[in-house]
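In the two complexes below, subunit A is the common chain; its partner is subunit B in one and subunit C in the other.
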Partner chain A sequence: MDTQWPRYEVFEQEQPDQPHRNSGAVHAPDAELALQNARDVFVRRPEVSSLWVVPENQIYAWTAEALAADPSWQTETVVLARSASPYEVFQKQSQRQSETYVIHVGTVQARSPSEALREALAKFDAGSVLVWWVVLAGAIRRSTRGEAASLFEPARDKTYRQPNEYKVASQMRAANDAGKAEAGNEQPGPAGAPAPGPQEPAE
Partner chain B sequence: MTEPALAAYLLALADDELILGHRDSEWTGHAPILEEDIAFANIAQDEIGHASLWYGLVRDLGGAEPDRLIFFRLPAEYRNAPLVELPKGDWAFSMLRQYLFDAAEARRLPLLAASTHRPLAEAAAKIRTEEIYHLRHTQAWIERLAQGTSESHRRVQAALDLLWPYAVQLFDPVTHEAELAAGGLLPEVGAVKGDWLQTVVPFLSAVTLRVPEASLPAGVSRAQHTQHLTDLLADMQVVARSEGPDVHW
Partner chain C sequence: MIDERLQAFEVRIARGEKIEPGDWMPDEYRRQLIRMISQHAHSEIVGMLPEGAWITRAPNLRQKLILLAKVQDEAGHGQYLYHAAETLGATRAEMIELLLAGKAKYSSVFNYPTLSWADMGIIGWLVDGAAILNQTMLARSSYGPYSRAMVRISAEEGFHKKQGQEMVIRYARGTARQHALVQDALNRWWWPSLMMFGPHDSESPNSPTLLRWRIKTRTNDQLRQEFVNELVPELQRLELSLPDSALRRDEASGNWLIGPIDWDEFKRVVSGHGPCNQERLAARQKAHDDGRWVREALEVYAARQDQARPRVN
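For the complex of A and B:
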């Protein structure tokens, strides 16, 4: 049995004028804790102005290849809702390593997920899109303005260091060299490592 | 009199945050799920960060350097409430302790932010939003543990029965607190406790937990600790003590 909590995809917005983009996923028992976990896992340090979390089973996804190979998305397969609802539309546009984000591009009104996809294909530039996601807007738990202070402000005036600033590798090397020099002074002998070689007793 | 008395009050706050942060950090690598491991390690680090602010104020009021205070005092010289030194227990115990403490901080900090001692007011204002987040996180957990399964309810109720008399001690006044309050340096004695009770009692009752009668005295105080603090400090101070106070890191 799978004992994991459900998975939520996390979208973060760094500045209010930028789109939300997918930063990864968290597990949580419900949307409220998913939002909190997302805050702790993804945005404790860098600057963020808004967070969205979405249960993964609420995301309808199509790759460009799938759309080309199987035209079933063009015809409706589910009973349409009586009236249209807003769906949020996301695109992934690049496979380059630092740009493989799924980014929010806008909202469409539709009566089903595949109608939302058709609306999105008509409304947004589909030229370089590799992946489409559509999500019923109501399925998204969004951080509110009121929550923003306690969720995001503490990170702003915290000082922190990037991992590479600790210079672990060069410090280890310096410590190793110092250790070797010391060993060399105590046991004068041929330069270089006292190689554990063929003389080592076999097990 | 004012400066040593205020320093004594802040030392108690600092010790609470440090010892609780240390206890919380014992969950790092052991929390029930990865996301919560990260979240609780964040909280532990925040508490130690708050301690560092308070210790800095203590030094500025004529006290010793923070590192001296942390690594070279004996258990009997620590002024934390025994609540924070109790072993981490199970998850419900640690979450509930953190909730009770966060609720106290969330009430105390806005009042301290109005202190006439300006560095204190500024420090309190700075860490306030962080405590609001802590409270939100622990409150979410207590709701779910109390109303989850019968086992999670049993565990969090058992934790509450044990922790309540210790939690009430968080508000025991320090020497001269009334004079400091009269001078506008600290909130009125009893104000934080009153606000705290009005927050936690309705919340705990609403999530179906039974708040115990506060008649049981905990038997220890900020000046008389349990053996658990001795063990904790032995662990926390061992490296600093073996190297001596003059070593720089």
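For the complex of A and C:
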């Protein structure tokens, strides 16, 4: 009876003064668990200060190719809301190799998703934009300041997840020097005999 | 009409553009990507098992934390990849069903047993090292979601390889018993690691299509040669011997040339008849079954919360 839970797109912010970026998604039965799953899947390393999750069906997306091919976004096809609401606007800005897809650029007020797109095209630099996303701001579940400690602090002291924790280059050099020293003495010990590296103090 | 679209698609790829969800793509491009990405996702998920077996037997707390973190990463990487495959129309439920039914392929290397603690070092250095070479190549893939997952995975796996290399160096330079343990691990994992790159280019029927559409940007044999050239001198510097009597350095090209790979073994293992295939799938099935009540409880809770929420009209 396993069914697939709804998909939520995840946005990470590394530092408080940086924009939220999308680089993946999770499945969850609701927004609360989507936030927890996003934390488990995307915050194993110490570089996140805020997370947003959005149900996939709340995202209105247009690629540059689609905007050019189908102009229906220019005219309204849905009944407009009585008053404008805030929509968050995201763009894919370059073809550069990166883990980021779309990046948050700001907010517009609109009465429908396609009106939000038109507002965004007028308000933000659209020259090299490859993909647009607009999302009703109220549809986003954002991690709060109070949740930040439990969501993001545990990853910070796990420095053994960082490659520079391992000094393999100098360890290989030490092995090499020890090998040369042995060859110079013409007394190669049995393979695997303890060979203290030059920097290690004698006991 | 189709030909014009195909032409435009190929022009975009030739320009180095990424193809994104929602863009037009040939059915074969979609099919090949779903095949590759889902196999890759399954490999990350099944790849947790050989090392997971040693978490409780780690010799000290630091090693235990490292191994836990590495296995957690593999779980996360499986998730990144399932999500990338979903953008092409595959569902996670379908992909997992195929895996559990024994109908999906995953990397043959995870069907070998982990017999000693030294295997943790050799797997990190060799198996993750081979995976990183492949993934760095796939980070240049033309399909945006696959490329992005690979950029992230390659960055995160840097520590997987280095912690393994660190352990191998320590054991190779340790006591005679430690050296013997790591030599034994190398003897068992060397050939399965070389098989990870897949069949020779001459035997790889999908390769021309994959290269033309830049799903892949380098061939199996190119990557395998780079791996051998990097690993052989370093392992030799640690006074470890390689289980290949035909191994020699070609002076003209500078390449290390390996002896013949046992492709019969590869085919046997990849088609379900390796030493641990049954055990791996049984472990996945058990995890899936044991987690069912949690999934059901979460679903019921979410539905109840939804009903309790005040309706705004």
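Criterion: the second predicted complex is superposed on the first by the 156 of 203 C-alpha atoms of A that agree within 3 Å, B and C clash if a C-alpha of one lies under 4 Å from a C-alpha of the other, contacts with A are read in each partner's own complex, and residues count from 1 in each chain.
In this section, a residue touches a chain if its C-beta (ideal position, glycine included) is under 8 Å from a C-beta of that chain, and two chains touch if they have at least 3 such contacts.
Fair warning: this is a prediction, and the values are worked out from it, not measured in the lab.
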Partner chain in contact with A:Val26 - subunit B first, subunit C second, else both or neither: both
Subunit A: partner with more touched residues, subunit B or subunit C: C
Which superposed partner A:Trp5 touches (first subunit B, second subunit C, both, neither): both
Which superposed partner A:Gln36 touches (first subunit B, second subunit C, both, neither): first
Touching partner for A:Val131 - first (subunit B), second (subunit C), both, neither: second
Partner chain in contact with A:Ala149 - subunit B first, subunit C second, else both or neither: first
Partner chain in contact with A:Asn57 - subunit B first, subunit C second, else both or neither: neither
Shared subunit A surface residues [contacts with subunit B and with subunit C]: 5, 26-27, 29, 33, 40-41, 44
List of subunit A residues in touch with subunit C within their complex: 2-5, 7, 23-27, 29-30, 33, 40-42, 44-45, 61-63, 65-66, 92, 95, 97-101, 130-131, 158, 160-163, 165-168, 171-172, 175-176, 178-179, 190-195, 197
Residues of subunit C that touch subunit A when the two form their complex: 16-18, 20-24, 62, 65-66, 69, 72-73, 76, 79-80, 83, 86, 91-93, 139-140, 144-145, 147-149, 151-152, 155-156, 158-159, 162-163, 165-166, 169-170, 172-176, 178-180, 183, 234, 237-239, 292, 295, 298-299, 301-303, 305-306
Touch list for subunit A against partner subunit B, complex: 5, 26-29, 32-33, 36-37, 39-41, 44, 149-151, 153-154, 157
Complex contacts: residues of subunit B adjacent to subunit A: 33-36, 38-39, 42, 46, 126, 129-130, 132-133, 136-137, 140, 144
